[in-house]
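Structures for review follow.
In the two complexes that follow, chain A is the common piece, with chain B as its partner first and chain C second.
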Partner chain A sequence: MSLAWVRQLPNTAATFIITLFGLICITFFIGRIVPIDPVAAIVGDKAPQEVYDRVYHELGMDKPAIVQFGKYVLKSIRGDFGTSFVTNRPVLQDIIVFFPATLELATVGILIGIFLGIPAGVVAAVWRDRWIDHLIRIVGLVGYSIPFFWLALVCLFVFYAKLDLVGGPGRLDTFFEDIVPTVTGMLIIDALLAGEWEVLVNALYHLLLPGLLLGYISMAYISRMTRSVMLEQLTKEYMITARVKGLGEIHIVFHHALRNAMIPMITVIALTYGYLLEGSVLLETIFAWPGLGNYIASSLLSADMNAVLGGTLLVGTIFIVLNMISDILYRILDPRSR
Partner chain B sequence: MESATLYEQRNRKSLWAARLDETRRFWHRFRRHPLGMIGLLIITALILSALFARPLSTHAPFEQSLVDRLQPPGKTFWLGSDELCRDIYSRIMHGTRLTLLIVAIVIVASAPLGLLLGTISGFYGGWTDKILMRITDVFLAIPKLMMALAFVAALGPGIINVAISIALTAWPPYARLARAETLMVRNSDYINAIRMAGASSFRIVFFHVVPMCLSSVIVRMSFDMSQTILIAAGLGFIGLGPQPPSPEWGAMVAAGRRFILSQYWVSTMPGIAIFVVSLGFNFMGDALRDLLDPHQKGAS
Partner chain C sequence: MRPVVAIDDLNTYYFREQMPTLSETRRDIVLGLFVAPAPAKTPKNTLVIAEAIDDVITLDPHDVGEIGGVLTTNQVYQTLCTYDTANPENIQGVLAEKWSLADDGVTFTFTMRENAVFASGNPVTARDAEYSLHRLVKLKSRSAPIITQFGFTPENINERIKATDDRTLVIKVGEAYAPSFLLYCLSSYPGAIVDSKLVKDHEKDGDMGQAWLKAENSAGSGPYVLSMWKPKEKIVLKRNENYWGAKPAVETVILRHIAESSTQRLMLEKGDIDIANKLGPDELEAMAGNADIRIQQGLSGTIYYMGLNARNEYLAKKEVRQALKHLVDYQGIVETISRGTMEVHQTFLPRGFLGAVDANPFALDPAKAKSLLQQAGVAGEIELGMVVWNVPPYVDFAQAIQATFAQGGIKLNLEMVDGKQWLTRYRNHDLDIWLGLWGPDYPDPHSNAKAFSVNGAFSPDKNDTLADRFGWTNEELSVRAMAAVRERDTAKRHQMYQEIQKDHQQSAPFVYCFQEKRAVAMRNNVTGLVMGAMFADDRYWNTTK
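Right after this comes the complex of A and B.
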């Protein structure tokens, strides 16, 4: 493995910084076009003029826009997203508290998506145009077109209310709350570390439905992409050569075609992971899952712009980082791009 | 030699005849695609419902009373009634107008913009290309739903704001697509030929390069429309879309959440509507892609 990708790193870093900067610009712009007067939001309607002027000065709003923007950029880099109106804590602290829950959910979702979606895509590609292919494609298409907040609602109704198969909203039953000390914020890991098996089981019970739903959505997309990438590989000439050589079909499909197909799949998986993070916004409101998505959604409804923009900035940054990692991995693994 | 105008007229007539013939052949090929036909049916039903919502509804969508609230689907209320005794079927019918409006605004706002930026960027190259592509990359790297959420949060709820927010995040893929196509045809012989004949850059781009991009753009548009519907419904669900009593489907699902345990139809029916319409656009997109882009290694 040559180190040509190392030489590309400055390029990648530059792209990363520019994209991040663009994201900050956009969030700054959104924050400024809010028709709410931020000073009035703090001091209220009836404040005397001197108080208004003082807060105006303290917020730095009398400085020119460029200076405000520069300050915003510096603050964002330091992680200072301001204070949330609702919780009265720094937004960054709120995010640190809420983020692991979303991370847990998205990770479960992507794992299900990978372990179900990739084999499904391979099967669909190998037995192309047979009934199994059509079935997998339809299941994927349904997952792609369904409004997942509605699916979540229906599943909650059927599997929790009617059949009582899965845990209800929230991460734990109230009985089990606050038993496990928070180490990583992810209940599964924390419960394992503390050795509290009942809490672990209950947490899994609650994780089941939202995790499966996110898994279904990611599986739909991943199986679609795997199928098309595998199809591309299966029609290449080396397949004929391998068969003529006498290699077994399974060996060819898994050892050669799949390995080549996996390279573009890295980008797809990274993108899907980011997609799950943003899709959790709706899902978390339904399952009362105390994660980043829920935080952003409730801040939205309270017009807490600091929190909304901070959360958006974080999710956007994760997106960009995922893109960059997948770019680098792609260049490491694909010999043709060197 | 014939006069110049007669020659042009003859050419124009044969050009239109050729186009008509091509359209007919395309239609015959499309007809053999079962999923595509289903998609077309769904979209036609959507458009007809939007146009003829009033005659097709059984009740007025905003009429409230407290007498027949939360009735299950039956003879008077085909899909049931909600907590204010409004007929869900009629509200869904009237909601098709909102859906169609949002989709139309998003497409009209995002696709031409993306096309324009992409073709200009690909055609002129150099610094224009670099700068425009960086801007496109920034917008592409940003999660769509989050951006739409943040924009609507800033601008306030309402149907136009929802459409604008979605459009602002939807244009980059078109730009990328247009740029790729432009790069492919930029140096081909026929472009060089018309350039030598004295065609201005504007003419080349507008009349010759853009039509080449159209097939990929149309496929993309179809998939985009289905995603737009889902995002708009999601925003409506959170409460950032058209405000009540507007019969927006996402908001209807949210309103029915309270009764999900016993009166499931209030949430389920609008959700099915969203699902069916989104599916229809996806089917169409699949079929169009199979027909228009056989060489593209797109997803399936």
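Right after this comes the complex of A and C.
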């Protein structure tokens, strides 16, 4: 394996920094153009003028926009995204609190998506146009067409309220809250580390439904893409060659076609993961899940610009990093790109 | 279930056994997965309340303003006096035992209750009351106007509010007002009395403890103490074991952030929460037949209204404004859209307040509206814009109003905006019509009378009111409202407000539409919830499960 990808790193790093800088620029200036008065957001509508002026000055809004932007960039480099006026904590700390919840949920979702979606896509490709193919495609189509808000509420109603098969909204039952010390913020890991099995089981019960819903959406997309790339591979010439050589069908499907198909799938999976990590606001609102989506959305509605910018930068960074990783993996796995 | 370790903020350790062996662990995991999970009902000693609390920015009682924040400080702090929610005209002492007014009409003397102590163990003295009221004014917080309207400023407050000894507090107001006026203001949530010794210990750079109280700390004398605040997630209150009064039966109160009303409903039906605060008419109707759920109705002082910007060329004319009052289908909206959560109300004092009057003369009447428009010299169709917050119930009200306006020949353009923009436009009066609500800050008629009918120019504190915001100047009503707040005879005061409202509704640029009827749903084993008439004024300390 050549180290060509290592030599590409400076390029990759430069791209990363430029993209990030562009992201900061756009978010910052959009934040300034939006017709929300952040001072009124803090002091409310009944405050006298002197209170208003005091907060205006505290927020640094009396300085020119360029100065504010410059200060913001410098601070961001140091990891200081300012303080959220709602939570009264540094935004970085808020993110450390809220992001793990989304990370946990998104990871469960993508794993379900991968372990159900890829086999489904393979099956659909290999048995193309048979009933199993149609079934898989219909299930997938429903998955990304159906209004997610509706599906989540209906599932909550059926599986939680009526059938009692899953835990309800929230990450834990009230009884189990605040027992496990926070290490990573992801309850599964923290409960395992603390040895609290009842908490672990309860957390899994609460993760089940939202995780499955996210898994369903990612599965829908992943299975469709897998099917697509698999079909492409299955019709290639080397497949005919392999069959003529006498290799077993299962062997060529998995060992050759699937391995080749996985290379474009890396990008698909990475982007889907990024999309899940952004935090679905609808899901988090319905399931009262204290994650990143909820955090950014409620900060936006409170006009808490530090929090919104911090959260947006995080999401942007995640996408950039995932893209970078998939680029690097591409170069490692695909000999033709070297 | 094996006891587990739980460490709460008061540093209480519960006992736990040895770490389980590997085979025990495997057994537990397997059992756990196949056996039904532990009952999802809330623990017996904990009251879980679902509310939208992601906008709480502080828990400092002198700075608090959001629903979650005020609900919290109402359980943790106490004021000098309060009023009977069933009968708001009846004022009772809490931290003050009794009070008297001197003959000059401006000097009040409060005697503090002797046995009251703070959660910290420090006794509640007049010096704490003095410190608290000074703090409210000196911090220039957004709730300060409730007290400063009596003529207090950071410069004169040390003289005007003084503790002459540990038990006596003297308050000298700027002018002779109705005594009940000051008492109602002091009973409101910004009048919280904090533990001055504790707060001073945590002062930083002369901030009067603001940074400390803004966070997860409390210094109150109420039935509960603040135990935990996870912003945007939950607020946890624990019973005050040093409480000087009857200790609450429920040990822990948790305010959980659950924004979606359907989710609140499902969790309530399953018993995962005990009280749901934010349910819409759909959810309430759906649960009406459920035997496990009880719906408690309460009085709410919130009034929904349309503010007409009198600076607009059409809205400047009185006849046009009156025409608009005949172009809203009040009854229709209440019956079809609000279904039990609103009642028609067309004056500025909510039902249940001193001075409230049952006067709803306006109904949908396009013919009358058109004739009024003609009288005003308005010919043909005119266009007006209305700024609307894009959440229920405003969205539904706005659409209904747009339809009925059209019947009168008025094209109403709806601008649906988010909450912060809605407030910004209202502050800048950058609009024709604003659809919104008003909740009184304290249960005295002056709160609304001042807002809707007194111009800043005629009020001692010179602050802008709603009347000013909407560009309407009316000296006569301003003067009459200020006279009403000074009237010492309660019965006479009551009558004055009634007359003011009747005249006000005939000319003011406010189309009052509805008064809110608050409904809270709870599990039927929860009793003792007291719902206040004011904003976020529910009292949880008498509840049992």
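Keep in mind that, in the parts below, the second predicted complex is superposed on the first by the 305 of 338 C-alpha atoms of A that agree within 3 Å, B and C clash if a C-alpha of one lies under 4 Å from a C-alpha of the other, contacts with A are read in each partner's own complex, and residues count from 1 in each chain.
The definition used in the following text is that a contact is a pair of C-beta atoms (placed from the backbone, for glycine too) under 8 Å apart; a residue touches a chain by one contact, two chains touch by 3 or more.
Here the structure is a predicted model, which is why all the values come from computation and not from measurement.
Undergrad: Just to be sure I read the superposition right, which of the two partners does A:Asn260 touch: chain B = first, chain C = second, or both, or neither?
TA: Neither: A:Asn260 stays clear of chain B and chain C.
Undergrad: Which holds for A:Gly167: it touches chain B only (first), chain C only (second), both, or neither?
TA: In the superposition, A:Gly167 touches chain C alone.
Undergrad: Could you tell me if A:Thr107 is touching chain B, chain C, both of them or neither one (first, second, both, neither)?
TA: In the superposed model, A:Thr107 contacts neither chain B nor chain C.
Undergrad: Is A:Thr15 in contact with chain B, with chain C, with both, or with neither (first, second, both, neither)?
TA: After superposing on A, A:Thr15 lies in contact with chain B but is clear of chain C.
Undergrad: Figure out whether A:Phe157 sits in contact with chain B (first) or chain C (second), or with both, or with neither.
TA: both
Undergrad: Looking at the overlay, does A:Ala288 come into contact with chain B only (first), chain C only (second), both, or neither?
TA: second
Undergrad: Which partner does A:Val315 contact after superposing on A: first (chain B), second (chain C), both, neither?
TA: Once the two structures are laid over each other on A, A:Val315 reaches chain B alone.
Undergrad: Quick check for you: in the superposed arrangement, does A:Gln68 touch first (chain B), second (chain C), both or neither?
TA: Touch partners of A:Gln68: none, neither chain B nor chain C.
Undergrad: Just chain B (first), just chain C (second), both, or neither: which does A:Tyr275 touch?
TA: In the superposed model, A:Tyr275 contacts chain B only, not chain C.
Undergrad: If you lay the two complexes on top of each other, which residues of chain A touch chain B in one and chain C in the other?
TA: In chain A, residues 35, 153, 156-157, 161, 285-286, 301, 303 are touched by chain B and also by chain C.
Undergrad: Using the touch definition from the top, list the residues of chain B that touch chain A in their complex.
TA: My answer: residues 134-135, 137-139, 141-147, 149-151, 153-156, 226, 230, 233-234, 237-240, 250, 253, 257, 260-261, 264, 267-268, 270-271, 274-275, 278-279, 281-283, 286, 297-300.
Undergrad: Show which residues of chain A lie in contact with chain B when the two form their complex.
TA: It is residues 15, 18-19, 22-23, 25-27, 30-31, 33-35, 137, 141-142, 144-147, 149-151, 153-154, 156-157, 161, 224-225, 227-228, 231-232, 274-275, 277-279, 281-282, 285-286, 296-297, 300-301, 303, 305, 308-309, 311-312, 315-316, 319-320, 323 of chain A that touch chain B.
Undergrad: Show which residues of chain A lie in contact with chain C when the two form their complex.
TA: Result: residues 35-37, 40-48, 50-51, 54, 84-89, 94, 97-98, 153, 156-157, 160-161, 164, 167-170, 173-175, 178-179, 195-202, 204-205, 285-288, 290, 294-295, 298, 301-303 of chain A touch chain C.
Undergrad: So in the complex, which bits of chain C are touching chain A?
TA: Chain C residues touching chain A: 1, 4-6, 8, 19-20, 25, 28-29, 32-33, 36-38, 40, 42-43, 46, 48, 54-58, 65, 140-142, 144-145, 214-215, 228, 230-233, 254, 256-260, 262-263, 266-267, 269-270, 272, 418-421, 423-424, 426-427, 441, 463.
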